[in-house]
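Below, each structure is written out as structure tokens.
In what comes next, chain A is part of two complexes: it sits with chain B in the first one and with chain C in the second one.
Entry: the complex of A and B
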């Protein structure tokens, strides 16, 4: 108990609180600007932390991290351009709500779901970090493969209109992810002899091109004045009754995010897609998903912000960073002489508890700062459209190149932008492309590692462990469900079409139709 | 309103001109993403180093393709006296033998080696294997799996060399870094891993051998691979500073002196102590010879293990 009180004391110094406010606010803005995401934000702030003490520097970085994950949803909702890849799933329902004039409601749910997910994952982190870490260790390559397969299935759900078009885009994203070094042999693939391509296509330039640049192209090519104006950003928090009605969605999203975040090598973008796929099957209002249903925003935002807390589980409990962002945090801790690892909890309990307290304060700060931040975006988007779009293009390119400092990424962003514009004109959904790109590397390397481990026997994947079997059964159920629902739907449609026809003619055609 | 917009635009322009003027400053390329293990050492190295040279330095992270993209950028800046690279072992001594790169070991002016940590052969503490001999025996029925932080990395090479030179039967499973590999080791997906003291200290691991020519202080009961009847395999994770070719001898001398002072400074020492990086300074000539030797050795290992193209 003394340790916890001392930890609270560490977290409530004016330096730490100031760092939280600055970090969180800067994070929200950086996250909201298309192209600039968590990694860029942390890269900007990392050098400032060298002169600070441990808690203050971690407070600044955690603030930037959590703020940026939330901030990405603001532009996702307002202009259909996720500020960060983590918020890509927020556009599915966020932007339709904006088009329906429900901006305030959409932003309110996004903010509240982010806060809820963040806090719930902190609580989980405090009480079950060791247990969750132990469970995550059981997630080997084969289990991760099964989980990624399950997540991939959400492509089916979000490809409204044409499943084929969705699958084409999903495969395209997957092939983009295979460019570069082979994860198992290290050989170069699809580089066409160009050395610059051997580092592969990074996610950020592709996301920036697919969403931000294509959105700019679409708006510029639209003749309709009305369609190109950006609605005024407002924020209205959901009432307690509304929250109660959707509480189960909030809890489900937060738990999925907390769990996926604890697995090494997945991350917030994957968590958001998995959570959205779950909402498609389990939400009582699933029929409206994709047409402007708050449940979709909740699924995406509660899970991606839950990752911010739980990503620290493998980092703090095992010293294994879950993604690039926590790897950077781990680096910052090492600079200050804290080496995450199995003994961290025992040796440095006070620091670890102080970090937990900081995480909670950051989430509260995020809730408070959401209003002024959205106000700032409201002001920014009031500028003439040319300025706004020009700014988006500029930040997109800055974001694309600043992740790895590779000029190739500028070309990748521009080309993806043009490709995405053509695809959108053809009615192809872009989200599957990003899903393919996010999940593709995990799918490929977990499959190939799994095959190395099972010594080439794919059938043994299904019986490898209880977790794997359960996940594969879920996939089977999902497929049967989807196919059955499809057949039922198709028969209902046929019946509808033939309703006006005479019953005699109808039976005749049915018989003719049979071979 | 309008004036505010214009002044903002002007400010932005001033910003870009400033960046253009600042091109005279020293650029330190780190071929990994910010916050990585190499990056934090480079960033702790930079302040004293810049102070010694009397310049302002900018650490630039150019990541990708096993650190070769950033390294290539240094090699391609031939004759530029304002760029150096803070390089990991793999990019200088392994990657050039693995694939076609726009540089080789002869493409640089070598400045200094800064740190070096010997690698250990390790198994999980939860396994009942306590010696290398036992490991070899138990691998005869069913080959073990060893992890690495990626194909063609030092952990991979060290184990590949061990398998080639002993009766140990083991196959390679690459991960996307030491962290995920440690997770796999904890879940018994893989059984063996070669890595440095940092990894050994932070996880529940048992060292069976050390890839060095003498026993390591603090691990006096861990035998060297040579003592176990294998050829003397020497694998260490090291880092160093290189500059492009074609810079003046005078400039190279300045770099070398600044590096020596930095590595011996109390500030860097106390950092290295915290980050468990073993300071191992080598001057320009020694470092060049060292890289050349490591390059040859690693090439041989890659050929023996059938990994070289």
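Entry: the complex of A and C
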């Protein structure tokens, strides 16, 4: 109890509260600008945190993260363009409501559902993370190896694009993590005689290049697109009676988001679509979904914001980030001296509880700041794209170089940006690249320690303990499921190709038969 | 067959395969203990890249790809080269000197071409952010002078 009270005290400092207000407001605006999203927002704000203490810096970043997830819904409702992929499902009912002149109601429900989902997932985080951390203490090197393998496979399998392309990107990220001195023998790996590479590649320049700089390149190639006209944005919160009528939808969406967010590799976009699909089956007003029904907005927004809290469960308790955003947050935590993983709850419980409190305050701040932020959007859309992109280039450079002060990190960011642009054009998912880089060191050290424990016998990994065996069985099942799904998908594609060919041949025969 | 070979997706897969194979040679020449994991990783990389390459070739890429003519005509490679040159130049010229022309070029390429917004944007975004981080927030960025002033 003393720890929790001390954590509340840590979170309620004026610096942390100011960071929450600035971060949340900026996050709402960045999330609302189509194409930017959470990762670019975090890239912009990361350099500001270097001079701050742990709680203030994490308050700023958590504010940007949660604010950007909510901000994406504003443009989804106003102009049918989701600011972030997480808000794509919000367009289904949000934009029809705008077309019907119910924009205030749509934005009100999106705001309240985001707040509700965010707070509920924080409560779950407070209860679940310590329990998971207690269980995670049983994990040794071999169990960690199996767990990281399973997480990596899940992330690759679920990420957008083909499985093979996801795997290549995952291996590329994993390879990036091996550059520099070997952690066990100290031998140089892939440094090619460059001394600056001995310390390895840092995560932040790679993330900056892969997401922020490549975004500038992608936006540059699509800069001729016309600006959209924006309807006047207003917000009206739902009354208590209206909330009571739709409470089941709010709770269901929040629980789906909390559950999906805790699984590695899924993320807020998947949660929003799963929740929307559930609403299509279970909502009493499901007949109206897609035509401007608030239940659709509630399903999408409560679940995608619930992910923001629950995504921290595997990140904090196991050191396994669920997606790129949590991988970046994990990188920021490491910079500030917090090492997420099985020992975190035992060693730094006060800091962890302070982060939980910060998450709750961020959601309250989001509710308060939503009204003034929404009014700004009419003016923001008039801002020339060049100034936004120039700012992103500059923030990317500052973010990449200020982590270690090493100018080589800028070259790494620039090269990664070009590589990421080419990969995006080729349909390669970038999330596995970053997750591979984050999980790479844990996978390598656990494998090599495990081999030392088992005296080089890899087969004994499978029977080392009940936890390890269960995890390896899950890996096997996941592989079988992926291969089977791939074969079924391939057969369906072949059948689709044959069908038009056969119907074409049939119609040709019929035509030939006619006089 | 030749037309499908020069399709960007095929070239990307080929480049990944060549890069993976080149790095594998380095990995197999290094010490066994330190290179154990990189060898496994690069082997999987090469196998996957080969499978993707075969898949892209089998898919019979269209003869006139949609994206490539637009990319070829656009000044995107200029922006990419400018970003890379500015990144390389930072080590010797400090942060501010390469950043200012890079920001100016970015604004110009994104169609901000009237002199006043271009100059003001460059000074505020390039110089202003540098000043904020380097001198106000005291986050030391690479400098030209040893005193750290510029």
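Methods note: the second predicted complex is superposed on the first by the 276 of 515 C-alpha atoms of A that agree within 3 Å, B and C clash if a C-alpha of one lies under 4 Å from a C-alpha of the other, contacts with A are read in each partner's own complex, and residues count from 1 in each chain.
As a convention for this text, a residue touches a chain if its C-beta (ideal position, glycine included) is under 8 Å from a C-beta of that chain, and two chains touch if they have at least 3 such contacts.
Remember, predicted model here, so these are calculated numbers, not experimental data.
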Practice task
Would you sort A:141 into first (chain B), second (chain C), both or neither based on which partner it touches?
Solution key: first
Practice task
State whether A:485 touches chain B only (first), chain C only (second), both chains, or neither.
Solution key: neither
Exercise for the section: Would you sort A:213 into first (chain B), second (chain C), both or neither based on which partner it touches? Expected result: second
Problem - Partner chain(s) touched by A:330 [first = chain B, second = chain C, both, neither] - result: first
Practice task
Please work out whether A:47 is in contact with chain B alone, chain C alone, both, or neither, and reply first, second, both or neither.
Solution key: both
Exercise for the section: Kindly classify A:187 by the partners it touches after superposition: chain B alone (first), chain C alone (second), both, or neither? Expected result: both
Handout entry: Contacts of A:199 with chain B and chain C, given as first, second, both or neither
Key = first
Exercise for the section: Give one of first, second, both or neither to describe whether A:405 is in contact with chain B, with chain C, with both, or with none. Expected result: both
Exercise for the section: Using the touch definition from the top, say if A:5 reaches chain B (first), chain C (second), both or neither. Expected result: neither
Completion exercise
Footprint intersection on chain A (chain B / chain C) at 47, 50, 182, 184-185, 187, 387, 405
Problem - Residue ranges of chain A in contact with chain B within the complex - result: 39, 42-43, 46-47, 50, 136-141, 180-188, 195-196, 198-200, 202, 264-265, 314, 318-321, 324, 327-332, 334-337, 339-343, 383, 387, 403-406, 445, 449, 452-453
Handout entry: Contact set on chain A toward chain C in their complex
Key = 47-48, 50-51, 162, 164-165, 167-168, 171-172, 174-175, 178, 182, 184-185, 187, 189-190, 213, 216-217, 220-221, 223, 384-387, 389-391, 393-395, 397-398, 401-402, 405, 407-408, 410-411, 413-415, 417-418, 421-423, 425-428, 443-444, 447-448
Fill in the blank from the handout: Within their complex, chain C touches chain A through residues 8-9, 12-13, 15-16, 23, 26-27, 30-31, 33-38, 41-42, 44-45, 48-49, 51-52, 55, 67, 70-71, 74, 76, 79-80, 83-84, 86-88, 90-91, 95, 99, 102-103, 106-107, 109-112, 117, 121-122, 125-126, 129-130, 133, 137-142
Handout entry: Interface residues, chain B side, partner chain A - complex
Key = 5, 33-37, 39-40, 43-44, 59-66, 68-70, 72, 98-102, 145, 150-152, 171-177, 179-180, 182-184, 186-187, 189-190, 198, 201-204, 271, 274-276, 309
